[in-house]
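Both complexes below contain chain A, partnered by chain B and then by chain C.
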Partner chain A sequence: MLRLIQTEFLKLRRRKLVWLMLSSALFMPFFALLYFRYVKETGGDPIQFYRWSAFGYTLWFILPVVLGTLCTMLMYEENQHDMLKQLWIVPISKMEYFFSKFFVVLIYSICFMLITAAASVMFSVLPGFVTFEWGSVLYLLKKCLEIGIITSFVMLPIMAIAASQKGYILPVTITLVYVFLGFILMTVNMYLHPLPSMAVIVMRNGDIPGLVFTQAINIPLAFLCICVWNIVAVLLANIALGRRK
Partner chain B sequence: MNDFVIETKQLTKIYKEQTAVNSVNLHVKKGRIYGLLGRNGAGKTTIMKMILGLTSITSGEVDVFGKNIKGQEEQVYPRIGTIIETPGFYPNLTATENLEIFSKLRGTAAPHAVENALKIVGLPYKDKKLFGKYSLGMKQRLGIANAILHDPELLILDEPTNGLDPIGIAEVRDFIKNLSTTRGKTILISSHILSEISLLADDIGIIDHGVLLEESSMSELEKKNRKYILLQVSDIPKAVLILERQFHLKDYSVQDDHTLRLYDTALDIGEINKSLVTQNVTVISSGLCNDTLEDYFKKITGGEGIA
Partner chain C sequence: MKKLLWAERQKIRRSNIVWIAVFATVMVAVIVFLGGQEVYDGSRNVDNAGWYMTMAQPWATFFVLPAVIALLGSYMICREEQEDTLKSLRLIPVNEANLTAAKMIVTFAFSILLYLLLFAITFLTESILHFSDLSVEMVLSFLKAYFLDGLGVFLAIAPIIAFVSCMKKGYWLALLFAEIYSFAGLFMSMSNFLKAFYPITAVFTISGYYDASTSQVILSCISLLFCGCLSAFILKSHCLLFASR
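Here is the complex of A and B:
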């Protein structure tokens, strides 16, 4: 399995989009920098800055869309160039193949959030919006790691859809629908969709200002929601890859 | 225990209402080159895919190395190298990087395996050219390099000379022949080009519309296709007796109750006729025949030719 994950990274050589998408981790910290420079003041509270730079649109839109695109990219290449039959006769099991790609997404997601965290600290401390404190930095790192890890699991259904398709248009479109649906369902039922369920897990202590939950926080239910979606996704991927020869 | 590396029994593949492969019994012997010859769409690739377990079998059985491949993939696949259809690789990587990925996946232990495989097919090692910029011929060469990378015992090559220029075709042919003769590899190769198969194969299987029409060794086939005198007579045993006694005939075959093939074409047909008639054997017809492999292919496929 480790060998398979290593080769997955080798396959990403010279893929400019991978680096371009990773650079989007800087978008919200930079936006927060401008926002607190020209519009609002942090009042010295780092959480106010992090709320914009790491916990806002990054969590809801940017990271899920980036990961959905990455899932599609990882699956598309081999589907498009008819490579799967060469891989099956190595032999590689379909599930090993699927999970090796998932690990790439997981590691990528963690890196993405660590870059966001580093940029958030830099863009908040260097201009002097907040003073450097280990406590708030560690809090940010912890939350970013949580977001990075859980979001990769939340995007597993997109990876399963990408595995079942030869093209990239449908998986990318479904990614957008999936992300917006998550945002809409947040106000209806937080435990129907993995994205709001992830938000519940990440913001379980109510320590991120600006977000009001419409339902009582239920962590097991949030995990159950993500698990159910993921089990269905893995089953779908298994069937879809079984058909791909 | 037989010495077949690949054996299929009544192998059948039906796609909805179309029978792509119909009760094929294929026998690939150890250390030999088996040429699967057939027109485009005859079912060659489907057979190869079924042998490799890449497509489901409607009915019948496949044994590779004496085992049913299903459930034995871990043991059987590392012993096989293949090209099925057009080989696909990562377009953003070089040939070396692509082979390094497959080498890593297979756990190929041999040092310089990638370098050697590329050298054999005439592609440069550590070249900077990306696979996406390769010509069809170069892609095909890389496919062959990937097939031989892990030094497999059995090679299954689906139209490996596709897209190669004439020199490339000759090089690949020599290389495949060499793999069989010097290294004892068993090779199943498919082609729609008759001359390719005739120059390469030890055994041949002719497939048409999913049916294996003929399976024999190349030498047997050549015997069938060499020049001969076709003789139709009223009494075969008597005619044979006369020919053996009078013309010291040894190389002949009896086709049916009235037909004989004499492979010694130096014989005088007029003398034969005269001799048979004088000894009360009616000669219905006689003449010199010369079937080529292509004629033979046309004949057994019902008149359809091949490239």
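Here is the complex of A and C:
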């Protein structure tokens, strides 16, 4: 398994776009910088800044879309160059293949959030919006790691869909719809969709301002929601990859 | 040109991208409807006449449709290169500038059709829910707004399609660029000048979703026309470069 993951990373080396996509991690911290410079004052509270730079749209939108695209890309390129046949001949177990790709997404997601965290600290401390404190930086790092890890699990269904399709258009479109659905369902029911459930887990203590929960916070239920979606996704991937010749 | 358009229509009939785009549009409508279940001031949001038709516009435009349209356009252009049919087309010979122009025209038509589809869904839903509250004037003004949305969104994302078609292999980039570009519109709506100037929000200034002064409408028109000219320029210079090789 470890060797498979290593191979996956070696394959990534050649793709520049994957590394280019990491730069979208800078988008929200940079925007937060502009926002606090021209529109609002932070009042020295780092959480206010981080709420914009890391816990806002990065969590809801940018990271899921980037991960969804990455999932599709990883699955599609192999298919396109007709490499799958050779991989089956090696032989590689189909689920091992699926999970090795998932690990790439997991590690990519963590890297993405770490870059966001580093950029948030840089963009808040260098212009002097907040003073540098280890306490708040560690808190940001902890939350970013949580977001990075859980979001990769949230995107597992997209990976399963990408594995079951030959093209790239359907999975990519479903990514957009899936993320948008999660965003809207937040106000309706938080435990129907993995994305709001992830937000519930990350913001469980209610210490991040600006987000009003419409329902009581129930961590086990949120985990259950993510697990159910993931189990269905893995089953789907298993069936779909099993059918591939 | 007529022949090229006919050929494009034939090509698109065989590919299911059109159905995927329609699926995305229908899903956006369903999701916004779900979001409208929230109770506000004693009544559900969707029960207010015009709410659904008003809200579907920004949600669809900031989150899903521009990316789907950019994907559609770049897919049509990139697939000739990818599936190695471009060579055969050059042998016929087909003028590549005309070919790309035909593809752009098809994308333009799709952009408008997708928005009109969204209008049809929202209008039908509203008329089922509360037909008596709708006036002819209101419906016509929404029809006009959706039409202008479709037109404006195409102009706003045309540079992305043009840019990506120069690179030939970058349909992933088209999707990501378009997504972040349309998503950034959410923030641009905070400042009055940027709102009129940024192409994605300029679409709303023209369509009448935002209350705008005449000068803002003119600025928006200029900004969108600039986008259109820019994409024409990119395509033209690229084709010249190609011909000189």
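Odds and ends about this structure:
We adopt the following convention: the second predicted complex is superposed on the first by the 245 of 245 C-alpha atoms of A that agree within 3 Å, B and C clash if a C-alpha of one lies under 4 Å from a C-alpha of the other, contacts with A are read in each partner's own complex, and residues count from 1 in each chain.
Throughout what follows, a residue touches a chain if its C-beta (ideal position, glycine included) is under 8 Å from a C-beta of that chain, and two chains touch if they have at least 3 such contacts.
Every value quoted in this text rests on a predicted model; they were computed, and no experiment measured them.
By the touch criterion defined above, A:Q6 reaches chain B but does not reach chain C.
Of the two partner chains, chain B is the only one that A:R14 touches; chain C does not reach it. Once the two complexes are overlaid on the shared chain, A:E77 sits against chain B while remaining clear of chain C. A count of residues in chain A touched by chain B and by chain C gives the higher number to C.
Shared-chain residue A:K85: touches chain B; no touch with chain C. Residue contacts after overlaying the shared chain place A:T173 against chain C, while chain B stays out of touching range. In the superposed pair of complexes, A:L181 makes contact with chain C only, with no contact to chain B.
The intersection of chain A residues touching chain B with those touching chain C, taken from the two complexes, is empty.
Chain contact summary for the complex, chain A toward chain C: residues 17, 20-21, 24, 27, 31, 35, 39, 57, 61-62, 65-66, 69, 73, 167-170, 172-173, 176-177, 179-181, 183-185, 187-188.
The part of chain A that touches chain B in the complex is made up of residues 3-4, 6-7, 10-11, 13-15, 77-78, 81-83, 85-92, 245. Note for the complex: chain B touches chain A at residues 49, 52, 54-55, 73-74, 77-78, 80, 82, 84-93, 97, 100-102, 104-107, 130, 146. Chain C makes touch with chain A in their complex at residues 16-17, 20-21, 23-24, 27-28, 31-32, 34-35, 37-38, 59, 63-64, 67-68, 71, 75, 170-173, 175-176, 179-180, 183-184, 186-187, 190.
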